[in-house]
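Okay, got some structures for you below.
In the two complexes below, chain A is the common chain; its partner is chain B in one and chain C in the other.
Entry: the complex of A and B
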């Protein structure tokens, strides 16, 4: 072979960097710049997808050393099954979003300079590719920061609003606290790898080769888990996510939610299963518990939202939680030497990573289309868009069905696999886990059902019913590139849902590499039609038959009922005979989630107030009624506010040193020198 | 694919389509007797469905394709579920399509689209029904899964066919387990919630503030309503079959054993006749709960299922 997968991946990164150089030349003709640069981005993403698919298919590992970096500390690249899989995921969504962006970014032309968006878009995707290819701590952290910085500027793109600046700042702060933790974690591992003698321990290979004492390994693991959790938005480190994701342009939100969070998942898998390898079972239990809390709290917070993009952002917290459940289970089973079940759990987690990238990308693109057409993010003002935007409605619905884990779409397959992993837990030796697991499975079921409720709300309030807003804007369906981008993502959701055996067969090199087992042999016992993890008599599922079965019954029933031309008459809504129906009487986002808010209300910081205006003729007929509702994260008050206040207090105290007089500062220097002379020999 | 199992699959689907209205009629009949009323005949549900099929459809002005498409989806998902649950025989050609978890998800598809259809017209009632239905579903599903989990511990499988096979072929002492008893109690409570019976929902009400399922389908008419009503009857029938297959599978025919079908059918009739009476006793004995009491009801179901699992770990 003349070229290898790693060459393809590197070429893809170079193409993205090339665009950055290219973009300024088209400054005059922005429309041309958008077309050329995003087409190029789409092509470059496809190259990365090809490299990823190729690597995972053959399970090869390829390494390279770049002549870049610090003296004696060159950058190391490595493309193995795990990075290949994430390369495929990122590349695939980047491809769809790039196609979508051709149409979406057009809307910004004339309103604000698009060059900044194009440049940071390329940097951002290149950064994500570099993160998954990096094979040493130095290059990893540089790529990590590169990605974080690019996404910061993208969140700041519409920087005239104070809200956006605040969100971007919060994002930057938490991203950096996380990055420091990751740096420390790598520091611990690199130091131990060489016994704190030289710098050669900074490569992942050196870390892999060494065996860490358990207390140091625990420190390294929890530092990196904290750092990656901050990036992934795991509760309680999620507060930046629902602020930053909604204010970014929608194509960026799709990438941030769909794939940027996944680089943190990649980091967790890489550090735990590949670098540390041997660990006690309770690490897995901790990851599992964080996953469960994120999943259920994420979806509950999502239910409370009425801003479409904020709702989707909270669902990212939920889905990251579900992925972590798979990874946590995998860690538990690995530490008890049960490679087959560990492979099942890992497959479930990694599968959900791909699925979430696809449907969350699709949903954010859909939300972008709605925003593009209505200039509105608040669902309370929307309604009935299915009539004006039929394409977007169908595609958004596919995203909703997928994320709600309903067969035959993809979200169901990975959640089902996670359930199967849970159901195998009675074979675990630790009694506490035997109890934790079923409760965990029930929480996962609760999450799935609440997600369905949330997406009935999201789709129902946005696309169904009648327009709720005061003013009625002229709404048009979005342009073709946007539709095509969404269609591709929707098609992927369906394919991943009905052909899981093929997909699992393709990605089985990942569990082989990381836990030394695979489920693809048992998964295909009945042939490609049925997915049978572990054993066919244990459980089986066939997405194809569910899809075709429902389709067949629907078709037959439809045809049988339409043999005789039955008339359809249009009339007023019946509504139990009520005549004066207005748009304002519809259920909206707040009222839809009211029962759930009432049941789970104690988990939130809720302020609810009803004001009746002075009565007119009789006290039973108030003139006006004002309803005020504020739902806030309790975490904010419990964790962030005290920390923020403490740091402000500390800054004020330290600020007292600052007198502004040169004499005082000279005294400070003098005292410091004296102290140093006394204490440092 | 062999011919005989295929034939049995088709027989089972036909049985589902024809027997579901009869069972609904039976429940109504027993209910009338228990309340000292004269009852309509067993075949009344057929007449109702036939009447609806022959009527024209009146659609609200704002109805989109979701509203028109939903009855078919609901009907399709329910019928497919009927092909998977072992009603007459285990190991049917379709039974490997989905295990219990996927089966629950099949019903969830139907519910998802019904809830969307409820919001499509833009009336207050539709949204109210959807909101309440999704709330109840989100509490019922974890409890259901917990019950399934406990159920699967005994047979080490979530495949319904396998569960039915294992329990039907073990002696009575291995089946009389406290864990299964708890799981069964939980299952009954969940089935009541899922099929929208008293005390959770009242299928006979059109009183504005108490309806849940009826509120979502308030705007349907003609053949659309017929499909939804029929699917509703099938759903009740299927939950009964699910309970029968998981807890009382005795008499069910073995794989491809055509000769055992008549016996299985007789067993089935006896089981269903009895189940109908129990359902009526529950329905007439209890009053409909306030909406927010449903939380406690389903919480209790969840707790019972959890107790079942603890019982499995501690006692068995």
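Entry: the complex of A and C
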């Protein structure tokens, strides 16, 4: 073989970096730059996908040492099944989004320079590829920061708005706090690997080879978990997500939410299952609890939003939670030496990683299409877009169905697998887990139901009913590259939903590598048509048959409605049978989520008031009615505000050292020298 | 010249260096300061030459010549030109009054002697007592930087500090590890009598460059604040 997968992956990264050099030459013709660079990005992403698919298929591990880096500390690369899988995920979404961007970024031409977007876009994707390929702490952290910095500039793209600057700053702060924790974690492991003698412990290989004492391993694990949680947006470190995602350009939000968060999942899996390997069961329980809290709180917060992209951002928190549930279960089962169920849980988590990348990418692309067409993010001002934008509407609907975990799309499969893992938990020896597991399963079910409610709202308010806005802009369907990007993602959602057995068979090398077991044999007992994760008599699902069944029902309904002329009557949308209702009286996002806001109100910081005006009129006949609602994250007041205040207080105290007089500064050094001389003597 | 006489001469020169250091601490006029600085350089240069002669380290002659050209001729000349161009004729205001500064200076000398006592006991070199004086010179230079308000005096203080470092390096001892322990990086180069030539040349060039940079800074500070009083720079402080 002339090429190896790692060559392909490296070539892909080089192509991305090449674009950065290429872009400035096309500064004169921005349209041409957008076409060339994003096409090149799409091609480069496909190369990475090929490398990833190839590696995972064969389960090979390939290593390389680069002549870059610090003296005596070269960069190590490694492409194994796990990196291959994430490479595929990132590459696939990057491919779709690049196609989409050809159309989307056109909208910026003439409004602001697009070169910055093109360059940082390339850096960003290259950074993500480097993160999953890195095989030493140094290269990993460099790539990690590279990715974070590039995405910071992308969030800042429309930098004239104060909101964007604030969001980008918040993102950068949390990303850096996380990076410091990861750095410390690697420091602990690298130090223990060589007994704090030299620097050779910085490679992941050296860390893998050593056995850590449990207390140090715990410290390393929690540091890295904290660091990765900050990137993944696990509650309570999620606050940057709903700020940064809405303000970034939509193709960037798709990538950030779809795949950048997944690099953190990659990091968690890499550190726990690959590097530390042996750990007590309660680590898994902690991950599980964080996953459950993130899942349910994420979806509840999402329900309260009426900014489309903000809503999607909160759903990223939810889905990261669901992925973590899978990973946490896998860790629990691994520590109890149950490799088969561990493999099932890991497969569920990793499968959901891929799924979330696809449908969240699709949804953000859809939200971007809506934004592109209407210049509006607030759902309360939209409505009835399905008539103007039928393509976008259908594709967005596919995303909604997938994320709501409804068959026959992909979200259902991975959440169903997670449930299967939950249902096998009675075999666990720890009693507390036996109690925790049913609660966990119930919370997961609640999450799924709430997510479905949330997307009924998102889709219904945005695309159905009638336009709610004051002025009616001229809305057009989006251009073809954007549609094609979304169609590809939607098709992937469907394929992953109806052919799970093939997909699980393909990715089976990951559980083999990490937990030493495989589920493809039991999962594929009846071939590609039926998915039977544990045993056929226990549970089985066939996406194809469900899909065909749904198609059949739709076809029958269509025929029954259209066979007789006059069976269909057209009235005003959503007028509930009355005829005098205006557009402003329609059911909207706030009213839709009101029951849930009442039930779960104590979880939020809600301020709600109704003003009747003028006050002089009888209260039963108000002329005007003002409704004010503000829903805030409680985490802000509980966690972030005290920390922010404490750090400001501390800064002011430290600031007192700064007198502005040279003599004072000299006295500081003078006294330091004298003291050192006295004490070191 | 027997070893005893040499030691006497070197000690005498060291005393003169310390004396000029105190002189600088007291001196209120800027031209006087520069003269004192030149004198200190001269004593330093002569003492370096004598150490070189006594110890048979002939490369120390080069150091002596370098010191002479740089610190006795070139730097005072540059400073004079600067003062002339910037039209500074005022007396120098001090932050702390002179007697108190002197007292602190004396305390520093005592401190230096007590600090280097172990070195002096261990060493058999003719120059062993110089280390204390060198250290005292460094600290007095720093003290001068602290107590003076004028940018030019601060620079002279800095250069006097550097003189002390140079002195420590050329005089030096076999008590090297302890010297390192003192935490003063300069002394690390002073393995035995004198630094290696390369280091010396490097230091000489450093000083020269520093002088140029200071010159440029003077002009900038002067144009920005209309004065070379560093108190004015407190205005740069954030937030007020």
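Going forward, the second predicted complex is superposed on the first by the 652 of 681 C-alpha atoms of A that agree within 3 Å, B and C clash if a C-alpha of one lies under 4 Å from a C-alpha of the other, contacts with A are read in each partner's own complex, and residues count from 1 in each chain.
The rule is short, and it goes like this: a contact is a pair of C-beta atoms (placed from the backbone, for glycine too) under 8 Å apart; a residue touches a chain by one contact, two chains touch by 3 or more.
If you're wondering where the values come from, they're calculated on a predicted model, not measured in any experiment.
S.K.: Quick check for you: in the superposed arrangement, does A:316 touch first (chain B), second (chain C), both or neither?
M.R.: neither
S.K.: May I ask you to decide whether A:676 touches chain B, chain C, both, or neither, giving the answer as first, second, both or neither?
M.R.: In the superposition, A:676 contacts chain C only.
S.K.: Please indicate which partner A:450 is in contact with in the superposed arrangement: first for chain B, second for chain C, both, or neither.
M.R.: Once the two structures are laid over each other on A, A:450 reaches chain B alone.
S.K.: Which chain, chain B or chain C, is in touch with more residues of chain A?
M.R.: Comparing touch counts on chain A for chain B and chain C gives B.
S.K.: Would you sort A:353 into first (chain B), second (chain C), both or neither based on which partner it touches?
M.R.: A:353 sits against neither chain B nor chain C.
S.K.: Which residues, counting only chain A, touch chain B once they are in their complex?
M.R.: Within the complex, chain A contacts chain B at residues 383-384, 386-387, 393, 397, 401, 404-407, 412, 416, 419-420, 422-423, 426, 431, 434-435, 438-439, 441-443, 445-446, 448-450, 452-453, 455-457, 459-461, 464-466, 526, 530, 532, 536-542, 545-546, 549-554, 557-558, 561, 566-576, 578, 581, 583, 585-587, 591-596, 598-599.
S.K.: Under the stated contact criterion, what part of chain B meets chain A in this complex?
M.R.: The touching residues are 53, 56-66, 69, 72-73, 75-77, 79-80, 83, 94, 96-99, 101-102, 105-106, 108-109, 111-112, 115-116, 118-128, 130-132, 134-135, 137-146, 149, 152-153, 156-159, 162, 206, 208, 218-219, 222-223, 227, 291-292, 295, 302, 306, 309-310, 313.
S.K.: State the interface residues of chain A toward chain C in the complex, per the touch definition above.
M.R.: 655, 658-663, 666-667, 669-670, 673-674, 676-677, 680-681
S.K.: Considering only the defined contacts, which chain C positions touch chain A in the complex?
M.R.: 95, 111, 115, 139, 142-143, 145-147, 149, 154, 181-183, 230-231, 233-239
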